[in-house]
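In what comes next, chain A is part of two complexes: it sits with chain B in the first one and with chain C in the second one.
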Partner chain A sequence: MIQIKDMSKWYGDFQVLKDITEEIKQGQTVVVCGPSGSGKSTLLRCINGLEPFQKGEIFVDGVSVSDPATNLYKLRTEIGMVFQRFELYPHMTAIQNITLAPMKARSKPRKEAEAKAMELLQRVGIPDKAHEYPANLSGGQQQRVAIARSLVMEPKIMMFDEPTSALDPEMIKEVLDVMIGLSKGGMTMIVVTHEMGFAREVSDEIIFMDEGMIIERGTDISFFQKPKNPRTKEFLDKILI
Partner chain B sequence: MFDAVSSNLPFLMGGFWVTVKLAFFALAGGIPLGILVGLGRISRNKWVYYPVTFYVNVIRNIPLLLVIFWFYFVMPIIIGSPLDPFPSAVISFIIFEATYFGEILRAGYQSVSKGQIEAGYSTGLTYVQTTRYILIPIALRRMLPSMITQSIVTYQDTCLAFVIGLPEFVRRARIVDTLEVRSIQLFGFVAIVFFITCYIGSVISRRFEVREQEGG
Partner chain C sequence: MGLAYEFDWGVLWRNPYGMYLLQGIWVTIKLGLIGWAIALSLGVLIGTVRISPWRWLRLIGTAYVEIFRNIPFMVQLFFWYYAGPMLFGEALQYRINSIIGLNYYVAIIALGMYTASRVAEHTRAGFSAISRDHYYAALSTGLTHPQMYRHVIIPYALRIIIPPLTTEFLTIFKNSSIAMTIGVLETTFMSYKIDSETFHGLESTTGACLIYLALGLVVVRLMGILESRLKIPGMIGR
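Up next, the complex of A and B:
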């Protein structure tokens, strides 16, 4: 579903991503972890073309992201993205946040878009908040609206960029539960997170990144029990209590 | 008690009308020019950004009074013919206020998080759609209270045109005062009129601030 081949990216002289190669198959959930500044978020942003990269290739469902002929707007509808800080539109209610893209990017009639949005709000557990503004929702509720906003485009892939890092501890579970449901429902997912419980439960592969490189990868058991790289071990010791 | 005011009311209110007209033209020119200035300040084109930034920094670091003076006394030397106080004042205000409105626009634009724009893109919205439905509405809501406040300040500042002899509200009160010597009464009346009109404006401004907090 996603193929990354020898991909490198520079910001000026600074190389943020170094020869990344990775393949994610349909239905897989891949967890990406690593210290801050290691290039995890940048990698996600390159996959949906929010950031250009200078070397290598990324294919999403067979389509090259860096090919100038690619319609990035269409490609992005296939890739949902959830952000650390939710990034809901503050001037719109929850349901308006969700229906904006289907109505504008796909010209769906309002009725149809709203019906679909309500169905998704039901799925993330907050149908009663449909007409609330983001400012009146808790962090966990906002993040679930953000997930629904991505799902409404019926993406083939969902990317999560530290979706629970900005949440109070008691709200983390409600967001992770939605994500676990998605993963078990067969969604292809890339999740940047340090929630190792989540990684254990649903990930098919865990990638550890540091200084722009993938320095370790493994299935959950091998990754946690026998990390090969001392950096990985050091990192795991820090985040696992 | 208000004899000096009431017996000169048409003359005084004529001055108030000059003040209102001056404020109107200052804003009618200052806000559109301010929008251009603001766009220049967020431009990535250095041929646009640096000249506009230079203009903003120069004007914002000069007292308004000097801008009015300078324009009124120096422009006739440059263009070779004297300027009437009213158009001279209007142009000075437009040049001055545009820098403030421009900075309000820039701040409003920058207050929209990059993530909200990217959230738009990531759901497949185009540049135009993202700008139209996300960037502009959010920035406008953030800007509106400051825009109203700055408009009120502009309206109050119009009385600085006093110094180039424009017969606006304060100047006319001063003229009446030299004849009738009722300073407290006359300038009290001017203050009350300014207070009432500005207060109405600030109430409107506050309503927009409350709306912003509610998110609506």
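Up next, the complex of A and C:
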């Protein structure tokens, strides 16, 4: 589903990503962890073409992201993305947030888009919040609206960029539950997170990144209990109390 | 014959002076409103162009802003009125100069273009107040750049910058008084005209002051209503 081959990215002289190679198959959930500034978020933004990279290649469902002939707008409808700070449109209600893209990018009639949005709000557990503005929702509810906003485009892949880092502890579970449901339902997912419980439950592969490189990878959380790289060990000691 | 000044407030409403002022107010309102329509649409466009991914477009936007905000408004007005028609070549120049009411058109366009440079900077400030992830969130759902600006970024940014836009809207009415220098019969011009005909400049300029004050307060009130109706829930209101 996603193939990354020898991919490198620079901001000016500074190399943020160094020779990343990774393959994610359909239906897999890959968890990416690592200290801040290690290039995790940048990697996600390269996969859906939000940011350019200078070397190597990324293929999504066989389509090259860096090929100038690729229609990135169309490609992005295939890849949902969820952000740390939710990024809901504050001047629109929850349902307006969800229906904007289907109505504008896919020219769906309002009725049809709203029916689909309600179905998704039901799925993430907050159908009663459809007409609330983001400011009147809790963090966990906002993040679930954001997930529904991505799912409404029926993406083949979902990317999560630290989706629970800005949440109060008691709201983390309600968001993780939605994500676990998606993963078990067969969605292809890349999740940047430090929630090791989530990683243990659903991930097919865990990647540890530092200074723009993938320095350790494994298929099981137990892998990280005897990491080869001292940097991985040091990091894990800090997050796994 | 005494030397004491005798007040005559009647010059503010007595025939024909009252009519002078009413005509002046009407012209001031037209200059302000039409100028503002130009300033807002052109300003938002240029503010958007200044953060576009295309270098040459950004350059044009920056050049516009720096030229129009760094030259005094009165100099711009003189330039467009006296030198502007010459830019079109000799044949057209004659035809342009014979347009009836040319000074009105020039005043409106000059006010609009000058204020647009300031609106563009406020718009840019509004854009940069929005986090990069917010742009990415809109794009990641498959919206194109124009759709993202039209439905997500511009409506959000304009709400953020309503307070400085209110100031610009007020300023355009005040700046419209400078149009008297090219013979536009607006409020300030009319108050001078009353002074020159009656020698009651104190009363006529006081009248002009009150007119501008009243206009300004109406604008503040209208923008306040607009602000509370468009307010983003959860943002600090007034």
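A few remarks follow.
Following the convention adopted for this analysis, the second predicted complex is superposed on the first by the 239 of 241 C-alpha atoms of A that agree within 3 Å, B and C clash if a C-alpha of one lies under 4 Å from a C-alpha of the other, contacts with A are read in each partner's own complex, and residues count from 1 in each chain.
To be clear about the criterion, contacts are C-beta pairs under 8 Å (C-beta built on N, C-alpha and C of every residue); 3 or more make two chains touch, one makes a residue touch a chain.
All of these numbers come straight from a predicted model, not from anything done at the bench.
Steric overlap between chain B and chain C is present once the structures are superposed on chain A. Judged by the touch definition given at the top, the superposed model places A:M118 against neither chain B nor chain C. In the superposed pair of complexes, A:R149 makes contact with chain B and with chain C alike.
When the two complexes are overlaid on their common chain A, residue A:P134 makes contact with chain B and with chain C alike. Shared-chain residue A:M81: touches chain B and chain C both. Residue contacts after overlaying the shared chain place A:L100 against chain B and chain C alike. When both complexes are overlaid on chain A, the residue A:P90 reaches chain B and chain C alike. Counting contacts by the rule stated earlier, residues 45, 48, 50, 73-74, 76-77, 79-81, 83, 85, 87-91, 100-101, 104-106, 133-136, 146, 149-150, 153 of chain A appear in both its interface with chain B and its interface with chain C. The touching residues of chain B, counted against chain A in their complex, run 113, 115-116, 118-126, 129, 133-134, 137-138, 141, 213-216. Of all residues in chain C, only 131, 133-134, 136-144, 147, 151-152, 155-156, 159, 230, 232-235 touch chain A in the complex they form. Of all residues in chain A, those touching chain B in their complex are 45, 48, 50, 73-74, 76-77, 79-81, 83, 85, 87-91, 100-101, 104-106, 133-136, 146, 149-150, 152-153. Those residues of chain A whose C-beta lies close enough to touch chain C in the complex are 45, 48, 50, 73-74, 76-77, 79-81, 83-85, 87-91, 100-101, 104-106, 133-136, 146, 149-150, 153, 161.
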